[in-house]
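Quick notes on the structure that follows.
Letters A, B, C and D name the chains as they come in the text, with residue numbers starting at 1 for each one.
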Amino acid sequence: MDDIEGKITKNDEVAPGYYLLRIKLSRPMDPFVPGQFVMVRIPGKDVFLRRPFSIYDYRQPVLTLMYKVVGKGTEILSKSRKNEKVFVLCPLGKGFNLRRRKHYVVLGGGIGIAGVHALIRRLGARSSVFFGCAAKEELALIKDLGDLPVAASTLDGSYGFRGTVVELLSERLATFRKEEMEVLACGPVVMLKALRRILEKDRIPCQVLLEERMACGLGLCFGCVTKTVDEAEPYKRVCKEGPVFDLWEVCL
Amino acid sequence: MGSLSVKLFGKTLRNPVMNASGTLGYGREIEPLWGIETLGAYVTKGLSLNPHHGNPTPRVWEEGRGLINSIGLQNVGVDRFFDEHFPLFQQKRTPIIVNFFGFTEEEYIACAERIRPDRLIVALEMNLSCPNVKRGGISFGKDPDLVHGIVKAVKGVTEIPVIAKLTPEVKNLKEIAQAAYEAGVDGFTLLNTIPAMVVDVEKRTIPIRGGLSGPVLKPVALKAVCEISTSFPVPVIGAGGIMNQNDALSFLMAGAKALQVGTATFIDPYAIPKIVKGLGEYLKRCRCSSINAIVGTACG
Amino acid sequence: MGSLSVKLFGKTLRNPVMNASGTLGYGREIEPLWGIETLGAYVTKGLSLNPHHGNPTPRVWEEGRGLINSIGLQNVGVDRFFDEHFPLFQQKRTPIIVNFFGFTEEEYIACAERIRPDRLIVALEMNLSCPNVKRGGISFGKDPDLVHGIVKAVKGVTEIPVIAKLTPEVKNLKEIAQAAYEAGVDGFTLLNTIPAMVVDVEKRTIPIRGGLSGPVLKPVALKAVCEISTSFPVPVIGAGGIMNQNDALSFLMAGAKALQVGTATFIDPYAIPKIVKGLGEYLKRCRCSSINAIVGTACG
Amino acid sequence: MDDIEGKITKNDEVAPGYYLLRIKLSRPMDPFVPGQFVMVRIPGKDVFLRRPFSIYDYRQPVLTLMYKVVGKGTEILSKSRKNEKVFVLCPLGKGFNLRRRKHYVVLGGGIGIAGVHALIRRLGARSSVFFGCAAKEELALIKDLGDLPVAASTLDGSYGFRGTVVELLSERLATFRKEEMEVLACGPVVMLKALRRILEKDRIPCQVLLEERMACGLGLCFGCVTKTVDEAEPYKRVCKEGPVFDLWEVCL
């Protein structure tokens, strides 16, 4: 874990409001587990706190992030130019635990795909990938996965299945062997809640990557907690005990 | 070569730089980046007799160059701290200051009683001013009589020096400090966060109410440090928006014997080691024999 | 089309935007840029019974996105204000709020007595909290009993509504407001500046001690506005770091019936007309019939 | 008087630490009197308050300022590039009163020359110009006055008279007809104090351009005062009643 200086080598809009950011790190990052994240100091002085982003890809010396513009920080980041310097605190948190199953079902909802991209790459043939988004313009988010089969859904039906990615999975669920599978998911809270509903009956194992506002990303401030079923200590830090949690242990 | 070491309550710290309570977790979390022995002393997260769960999220919010937090004093309780986390400080021989709080006088007292003197424990830091938690609406730091009572009671049950950590009570600060001083307090930490709030204009909601920290606090904290350090013959520890060496020097010159760095660590996790290094270089540059020589030089 | 007009103490103002006392001179100084009739009401520079010279320089200092001022209440005195400057407001039919202060209870009373009711005078705004001037070390805003006494005395000698302008006394704010309320105060202005200080590390001096204003105050002032506006059935006027339309909306939603813009004018002399315009556009966009409809919507 | 948007067309270091800044205004500035100043909003967000600078020259649409890097604001200004936008509140204050005399002696000390440059240009042959600086490198500050005779002094004697500009004036004072002359000066306070000492005996008329930290530049805040001999109202605003004052009415 380290705070590494980097230089932006690419910051392109890949779909409306979505960007792919490549940062050339001045030092190698420690080995990472998919699901881990970084804290980026946004160039300029208008953004005070760092912002968390999943490790989308890392091939020394290039760290790739994918982000959606949702507020001030990502807005300013989207205007950063090539060669600008950034500081990246990385790798952080606890990634997906991949020692358990033979078959993984991976779900990415919208920009949530950024949280599972490195995971999908690492799992290769061991996984079935589901991606849901609003409309076909956002399919650009999975362009990098071109060589892998991805089942896609769009809310407006402009591509693939019409509906949410969880509805799509729900249709296919019967085709998987429940005893051998585990679901790994990242996406908006509504998606994770819907996922919970369809997995509840069989209590299929599931790990989810959660997001929370963060100040430090290091477990120092206890600002980024999520509520869990642990009665003695319900609030766990997303940045330290997470961002990946067992779906059945969190209260969404 | 100038020395950074300072003497606080009879103990020698290798430098005057501490973390601010609640901003360096339980200490171990920063170890992947730098060793906690870098600190003059580690200040614990606010501890209480019983564990506390804290507030729901959002707990942190950016507001200009300030941070609003509403952690709500989540902590494992004083006993678990000493069982699980204190051994690290023993192993690394790092002095600690135990920040603690209570929701009743009894809780303060019981918590203080639990902490046995140890050569690594420099002081107990009483958080008299937590604007985040409102049990029965009482805040001990509000009223001089309450402050007097609680400080006296805590002093009665412990041999460890006691520091009162005050909130920016602006005009009453001196009165509150006087009450603590008369009750036998051994030092002050200034300041805690200022109550603040955010309005979400789109949603017409208040996403967070909490305590404001960071650079915006600095000029207010400097004023408080100068005022209190010139009024009472006990050490003042300065806190509030210290981001770099220059800020650290400002606080020392305003009369602080030691410093606490909080929010800065979130922006740059190496802020503390950089400040320690920067102070060392400053001593060299100004050919001072000791950091103590600059304490209070601006605010005499 | 939505209306910006607000009713304050029985008088109708064309919009809720005022300048903050001491930040728009005697009014005429801004006329080369925009007419003072743009304002919902003009708030006078702090006036006193007798003229005051104020403090030596430096009187202003930049600190991050904040301003520290130590003007020291320089003013020509209440009589000369009405002789020399009031005619402009009469000519332009611009309502005014008379901000005033004193160093003794007698001075407050005598000053208030001097101001005769006029249909343009909306209220008297008592500056209870001037951290810059320390005559005998007393500050009226400090003590609930003092506040009660002085408000009651002033109310006794004038028929003009009286506003208490409070300082960010943080924890005691409500107590102070309660004292003013019980003494019959007609409204509150929140907040005044926060005491602050700067250290010059090179010279090891304190170039300025004064009151902090600007954006850094905003989250603190919002908290105070929400707290006081929900606790007392009298209007609250919000002030503290209002720089733009969004900040103005935040204060209105937090419960302020009207607004005062201070430091922003120094950064952009057109800040006030821009905010007035922005609020009008906001009403159109959200199809609100009146600005009053959003007051307190976030802080209910 | 207006707040005019402008674009930087030039920002060059003319001598070590001294810059000449040209701003192309988007609207014409009102007619100005030499000695008047402008309040510049420094590009970027790191400088909160505007900074005051004398009008060095103005030929529609180009406003020229000359400044010395002394702190944070001027440091950042010196790094502003061509085409950056700036807001300029102008023209401000009360300039030199030029209706009184036939012969003017104009003194500029160091960067104080910026305050009297437009004045010198306007007076032309009606003035004798004195310029003092530390060393010959700073003579670049009067390069623009190449066509006019300027008596120069340097502290280190590297050019012209060795000593201060007031010492130089003091040597030449006898050659002027005191009844007809008036001194107009801008420079550091020590210079103005020395000037006062040599003019005191004959109480030669003298106007001085003073500097003070400013917040508004418009007379709104009473932050920029200077002490005068007026006992009823000793503190006058430099931005409003000044920046040009009668030397015999101020307490330096």
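The criterion applied here is as follows: a residue touches a chain if its C-beta (ideal position, glycine included) is under 8 Å from a C-beta of that chain, and two chains touch if they have at least 3 such contacts.
As the structure is a prediction and not an experimental result, all values here were calculated from the model.
*Asks:* Hey, how far is the Cα centre of subunit A from the one of subunit D, in Å?
*Replies:* 59
*Asks:* Between subunit A and subunit C, what's the gap in Å when you average each chain's C-alpha atoms?
*Replies:* Using C-alpha averages as centres, the distance is 48 Å.
*Asks:* Taking the mean of the C-alpha atoms as each chain's centre, how many Å separate subunit A from subunit B?
*Replies:* 36
*Asks:* For subunit B, what residues touch not just one other chain but two or more?
*Replies:* 64-66
*Asks:* Could you list which residues of subunit A touch at least two other chains?
*Replies:* None at all.
*Asks:* Chain touch graph shape: choose line, ring, star, complete or other and state it.
*Replies:* Ring.
*Asks:* Touching pairs of chains, which are they?
*Replies:* Applying the touch criterion to every chain pair yields A-B, A-D, B-C, C-D.
*Asks:* Enumerate the contact residues on subunit A facing subunit D in the complex.
*Replies:* Interface residues on the subunit A side: 45-46.
*Asks:* For a test of understanding, state which residues of subunit A touch subunit B in their complex under the given definition.
*Replies:* On the subunit A side, the touching residues are 1-3, 41, 47-50, 87, 89, 212-216, 218-227, 232-235, 240.
*Asks:* In their shared complex, at which residues does subunit B touch subunit C?
*Replies:* On the subunit B side, the touching residues are 63-66, 68, 129, 131, 139, 141-142, 167-172, 194-201, 204-206, 209, 212, 215-216, 218-220, 222-223, 226, 246, 249-251, 253-254, 294, 297-299.
*Asks:* Okay, in this complex, where on subunit B does subunit A touch?
*Replies:* Residue positions touching the partner: 22-25, 29-30, 32-33, 45, 51, 53-54, 56-62, 64-67, 69, 71, 74, 76, 214, 263, 265-270.
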